[in-house]
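Here it is: the structure, laid out below.
Labels A, B and C are assigned to the chains in the order they are written; within every chain, residues are numbered from 1.
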Amino acid sequence: LDTVTLKLVTIVAERILKDRVVEDVLNAGARGYTISDAYGKGSRGVRASEWEGPDVKVEAVVSQEVADRILKHVSTTYFKHYAVIAYTETVEVVRGDKYI
Amino acid sequence: LDTVTLKLVTIVAERILKDRVVEDVLNAGARGYTISDAYGKGSRGVRASEWEGPDVKVEAVVSQEVADRILKHVSTTYFKHYAVIAYTETVEVVRGDKYI
Amino acid sequence: LDTVTLKLVTIVAERILKDRVVEDVLNAGARGYTISDAYGKGSRGVRASEWEGPDVKVEAVVSQEVADRILKHVSTTYFKHYAVIAYTETVEVVRGDKYI
């Protein structure tokens, strides 16, 4: 089976940030994304308080380089004022060449 | 990019267990969680029959220690009588210090 | 904590493929699955155009062998004409014996 090792980037953010995060992901070089609804609660670096409310989960399969770019941008742009989680996982993707 | 290696714990459970599982996750030491709706089918250790119906997916980014505590509690408490899946993955998290 | 290392297979496909993909996953040997709604956009190997619309995400925890079978079938069957993403991740599962 012909697979490629890539990164799955997941960003969970307040739902009002959906369009901005999607644009960020594409600008960083992702060739596509998947979004889904979620609901979150917790201490996510938001100053002085906890977040609880509707979230959006944005996922993209990308190269390590694009993953780093997304995470850097997201952390720099949103972490200070918004409830945002961002992480990467290693995935084995079929026909990985179409993601890079 | 400053990342920390942590665990993403995922629990997929019958939807009626949502509040209990969320409480378990927080009691085990998670500082937040994300929940989403799902629908499941399958053999999940439920005695004598298969499960099919509305599920909830609860996710939390935590330390290995908290992950172990969550999985242990969940398996001990629910596996005998409920349709529950629980697993962990390794994730690279930006600003991981806020999860531990 | 008694865990087993298995594969989480994720397939993100156009929603009209839901029943077919679910059947494929079970036929390949999965003992259960979880489905959730998503919305996708991107270049996914669909000939001549980009996909944008309602997706379904199908997930299953399986052995490496079953994972390979699912990915092979999905890529052979759908990649030419449909917008489909398929990847695997390594997961540590509690009571993993019930998945294999």
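One rule holds in what follows: contacts are C-beta pairs under 8 Å (C-beta built on N, C-alpha and C of every residue); 3 or more make two chains touch, one makes a residue touch a chain.
None of the values given here were measured: they were computed from a predicted structure.
Visitor: Could you label the chain A-chain C interface same or different, taking same to mean over half of its residue numbers are used by both chains?
Guide: Different; most numbers are used by only one of chain A and chain C.
Visitor: Angle of the rotation mapping chain A onto its copy chain B, from a C-alpha fit, rounded to a multiple of 5 degrees, please.
Guide: Rounded to 5 degrees, the superposing rotation is 120 degrees.
Visitor: On a C-alpha centroid basis, what's the spacing between chain A and chain C, in Å?
Guide: 20
Visitor: Among all residues of chain B, which ones touch two or more of the remaining chains?
Guide: 36-37, 89-90
Visitor: Can you name the residues of chain A that touch chain C in the complex?
Guide: 1, 3, 6, 8, 22, 30-37, 61, 89-95, 98
Visitor: Across the complex, what residues on chain A touch chain B?
Guide: Per the touch definition, chain A meets chain B at residues 12, 36-45, 50-51, 55, 57, 68, 71-72, 74-75, 79, 85-90.
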